[in-house]
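In the two complexes below, chain A is the common chain; its partner is chain B in one and chain C in the other.
Let's turn to the complex of A and B:
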């Protein structure tokens, strides 16, 4: 993969978090924490920032080295392979969940007569094409598209200001301290970009700027999460939030600008599709990079389409709505924490090993 | 039938001529005859060689003029070779044949004459010109210095170079006993005068365009650049055609790697012939699978000079009035030469219009079809009703309607190009008005669709670059089909893939979407141009040797006035 500059790098974790936030996590936060959603959002944003900071600090001794190489340094090739497979499975699984959710939303709203498998195939082919392009074309496209998506989210927030019911944030603690802070911390999975950050340093043109890139991307992701959650919470009551498949889309329907632009929901759909394509492109490419690192494959292009077919297969396996609900509410959260813990543990242990080796050498 | 007719010759009744095709083309076909011989001492050998190489017995325009030259009061057999129609007869008669054939002071001069002496700077004495040591060299030097009054004369020994020069309009003199030939510039073929640009017209700005002759084109560049650092390197391309190309750049501005890469690509082209800059464009661009133009082609010298001053290189091809500018990025294809001649507000307004035209050309038909088929709620209710009413009597699906009109529009456009200019405009009017009106009256298409196709067509004319306009026309059909298949989902996917393709393209090592992505220096909207006094830096993506193009205070008169006032 060609090295990327800092600005492009900032857009990547944002795009990863956006896919999960817009489609999956914002609704989970709203339905779980209710009126305390905004507090929960702030709380998990702080947690995400702290975690990002810790990861960056742990990377200080491994500037420009890939996460899987650090794993190899810690436990040899077997550990590298096992960790690589685990991360590969996580990213494929997350991409499948987001894709499945997108396709379900699209089917309900616009394509009731079309079998969702065709729509999934369309997205999978797009991801395949993106992975086949030279010179990080999909990454650079993400850099251009992410600002458009950010503007769209702010537009939805601003456009709905007059529809907000500020009483929805009361009681301020929602279902209580426990739900907001203890159980609520599991909502950290919305920051899917943190897991991407683990794989960022080796692709940076200037690895010394890794910390600033990571922190900025986490701050922007937090702000976007706040905008989305605020829009949902302030617009809808408890029943609508938990019942709707895609509350942000419903929020767009309420935006009115004069008599000409009466319904902008399909325009939002256009931007959402672009954002999902970008998300899938990044995740598919990351998976291919992991495959490349844990195997002896030198060029990932020949396996890009077989991989997206695997992604397609994973997505169409989830065919019932309750399965999807379970996967996104439970499995995705647990898996995220497993991955995050694994990542942090490897970095901490690798740092320790490096310190010990340094001490031995000094002695 | 008479009996005698049986014995008479009868020509075949069915005349059937076929060229036998060669089934297996081999790599050996690429190996062409190379001329390695050098000029012979013998007059006869040289004559036979030239006659055989030029097939002078069957080639009607090859002229071999045999005569005897007088040199130092001696006569030598010699002949002159040139191509009739490519040389200036008056020039050859007056400045080649006359001084060589007619007796005059120069050719009757004998070296014992004391008047010509060479000053020996070492001994500080006047010494006589020594001639006996190397008589042949003396003869050739004598002819070169005394007998041919031509400003562009050279001695050649290689037949390959001699033949190439004869083909380009020179005449060559062979003299008996000399193993060199005199290559005399006597070009005199008819060529087009410098004219107004045909395609890239501007209202305010220079009105000169390139012509077919490469030397005229280089002179246009040289005149505008007006700096000794302008390098014009000559490169021959084509094993058979040996087409002269020129790589032009400003030595102390252009990036060395860019120039080296350009030279590398130009010097490593193995083809038979090169006729146009369009062919060369295909041969040197990074990749062509996405049908997106990657090299800017222009007929305007001022545009080339502007590019060179930014750090780009220009390639000229002999016989073609278009220059190639490398590297080129997307914003170059949406820029008009007019932009720099207008004040920034006007120029940026036009650039905004062009950006809008780019989006409309690419997306409008696809968007229309997506909205009418899938996302009707985006239209206001009244507009939706009027569209439905207009489409009520149309029996075809909307995709058929749209494709029918789009294809008709392309036919009109192509027909207008191919017909003479007087009829071309009429054809456009007939096509647009009568065909459109008749189609609506016959309920084949709806009136709103005519509006959509017309706006798309108009927008496509706004795109300043012909190749880029073509690219948009093709991609428009793809977006139309995507919009028809799955509405905004298809359009969204199309936009993402299109953008990713654009981002993946590189033109001579420069990202196609520069300076937008990769964004090196800032988040400013670099598509628009700042005022001229603010253009302090050259484009960073070109990595030119001199990044600063003007001083911070370009309007020194203003600064000095302000400073004086403050004092």
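Let's turn to the complex of A and C:
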């Protein structure tokens, strides 16, 4: 991957979080926390910001070095390989779940007679093409797309203002402190961009701006999560938030400006589909980067389509063999925390090792 | 084979695969193969197939280059089935095109079927991706089929546009409300409150054959079907006896009694939409009159302006028409300190005198109008109406149809505590404190 400037870099973690937030996590937050969803959103946003800050601080002693190289510094090539494989599996799995959810929604809305495998294939090929674009084409596309998606989300919020029932945020603590804060902290998985941040420094043109890039992207992701959750929770009760379609799409269906400006859901779904293509492109590219680092492959282009075939296989496997709800509610959450803990542990230990080595050298 | 050729073949194969894969969905959703339903009516049917479902379509072939200059006829098909989905299935086979509900503007339930419960039907519709949440929901006093047969407007040639705009009158009359199926379903699945639907009725002065736009009607019942172009011969048995013109009920239809079907209207259209239907646990339990509906829309801040006629000889010897506007959103507070919730409602209005029997210059003595006195009388009148209406909700309907529970929820920290409070059982013992403030101005354009 070529070096990227700060603005492009900000859009990448946002795009990673957006796919998960719109399709998966906003529904989970709204259905679990109910009336305390907004408090939970604020709480996990603060947690995400703190974590981002910690990651940036831990990275200060490794400016411009890739996360897997730090892992190698800590535990050698074997650890680098194991960590790389774990992260590779996580990113592939996350991309598959988001793709699976997208395809299921598309099948309900537009393609009732088309087998979902074909739609998955279409998206997988798009991700493959994104990986093969020259001059970081997909990154630039993401940089253009993210503001469009942000505007769409704000538009959905504003367009539905007349449909909001502001009393839906009461009882303010919802199902209790435990659901809102303790169990609710597991909703942190919505910030998938945090895991992406670990792999960002080596790709930045100006690695010294890593902290500002990360913090800004987390703040924007938090704001979007708040807008999405607020739209859902102020409009619907539990019956809608636990349905098969993602609630933001149902919210768009309520937007009407007179008798002329109606049915904006199609436009939203179009924007979302393009955003999902970009999301898959980012994840696929990241996975190829990891493969490149843990193996001796110098050019990832020849393996881009074999990789998207893996993504395709993974998605249809989840669709066919597993309960999607269980996968996104339980497995994705647990996996996110394993990855986050692993990432933080490696950075902390690498910092300690560097400190010790420095002390020895000083002695 | 060169690399370029391989790439070319791969792309061609992929395109063919996708063309094949998506063509089925495209074919089924192609505009040519779809017939769009604009209204759906659900009646009761005796027998195993307990629903009689009527679909109204626009005959798009009659659309001319002149646009909306001529009245477009509607096509009406009726199916006897056990559910809406099975009715769609049967009718799909009958009409040869796939029925699509994405342009369905209204869903009408007959009062008979609504009294038995419409939970299942509304859930079925809400789970259909084609049904828009903005579809209006109507409970019709009488036959739902007849309602959509008679739903035509001389002023609006295109029927779909008429369906689009007819609930708008709620904003400037307050005699009905723009109730949509999305919102209806949200409240239907909330245990704490009752629910409301638009009340529709048949105008008894107009016979079906007299109503304009006289649509062709066909009935399909499972495997057996009958069809005829004469709508009157295919009416359900309950309505066939109503073909002869009727007289309006002999009453003055005061606002407190006026509901759809007994409004003092003589017109070409055979339907009326005045008042609201009260639903509790999915079952239709009663009606709100025009005045009750006005009170409901006032409490909920739904009405922009409305007309109040005062007939009080103390302030003026004849009637006074006052157009009132909601100055700001109503303030509602609920106290739940004991088992009898205390509900405080504060409504602020401004108004202008828009009609008096004799045009006078209000400042000329001794005929001058005391605007403060008029404001006071307006306040008292509205307050009395609202109190009567609220007492009706607690004593007659015994359910919260003004969604006060939303305000009561504020007092609780946890959902479990709120559930334990059991608002629906407490609401009937609620006490109300209604406070209306009105400021009336004189604003006649011409006076003597």
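Everything that follows uses one rule, which is that the second predicted complex is superposed on the first by the 359 of 363 C-alpha atoms of A that agree within 3 Å, B and C clash if a C-alpha of one lies under 4 Å from a C-alpha of the other, contacts with A are read in each partner's own complex, and residues count from 1 in each chain.
We take it that a contact is a pair of C-beta atoms (placed from the backbone, for glycine too) under 8 Å apart; a residue touches a chain by one contact, two chains touch by 3 or more.
Every value quoted in this text rests on a predicted model; they were computed, and no experiment measured them.
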First (chain B), second (chain C), both or neither touched by A:256: second
Contacts of A:176 with chain B and chain C, given as first, second, both or neither: second
A:344 touches, of chain B and chain C: first, second, both or neither? neither
Touched partner set for A:122, first chain B, second chain C, both or neither: both
Partner chain in contact with A:167 - chain B first, chain C second, else both or neither: second
Touching partner for A:309 - first (chain B), second (chain C), both, neither: neither
Touched partner set for A:39, first chain B, second chain C, both or neither: neither
Chain B versus chain C as contact partner of A:281, first or second or both or neither: first
Which of chain B and chain C A:110 touches, first, second, both or neither: both
Residues of chain A at both interfaces, chain B in one complex, chain C in the other: 110-111, 114, 122, 259, 262-263
Chain A to chain C touching residues, read off their complex: 34-35, 108-115, 118, 121-122, 125, 163, 165, 167-168, 170-176, 236-240, 245, 250, 253-254, 256, 259, 262-263
Touching residues (chain side chain B, partner chain A) in the complex: 287, 371, 374-375, 377-378, 380-381, 486-493, 495-497, 499-506, 511, 513, 516-520, 523
Of all residues in chain A, those that touch chain B in their complex: 4-5, 7-8, 106, 110-111, 114, 119, 122-123, 126, 129-130, 133-141, 143-145, 259-260, 262-267, 269-274, 277-278, 281
Chain A-touching residues of chain C, taken from the complex the two chains share: 14, 17-18, 21-22, 24-25, 27-29, 129, 132-134, 161, 164-165, 182-183, 185-186, 189-190, 406-407, 409-410, 412-418
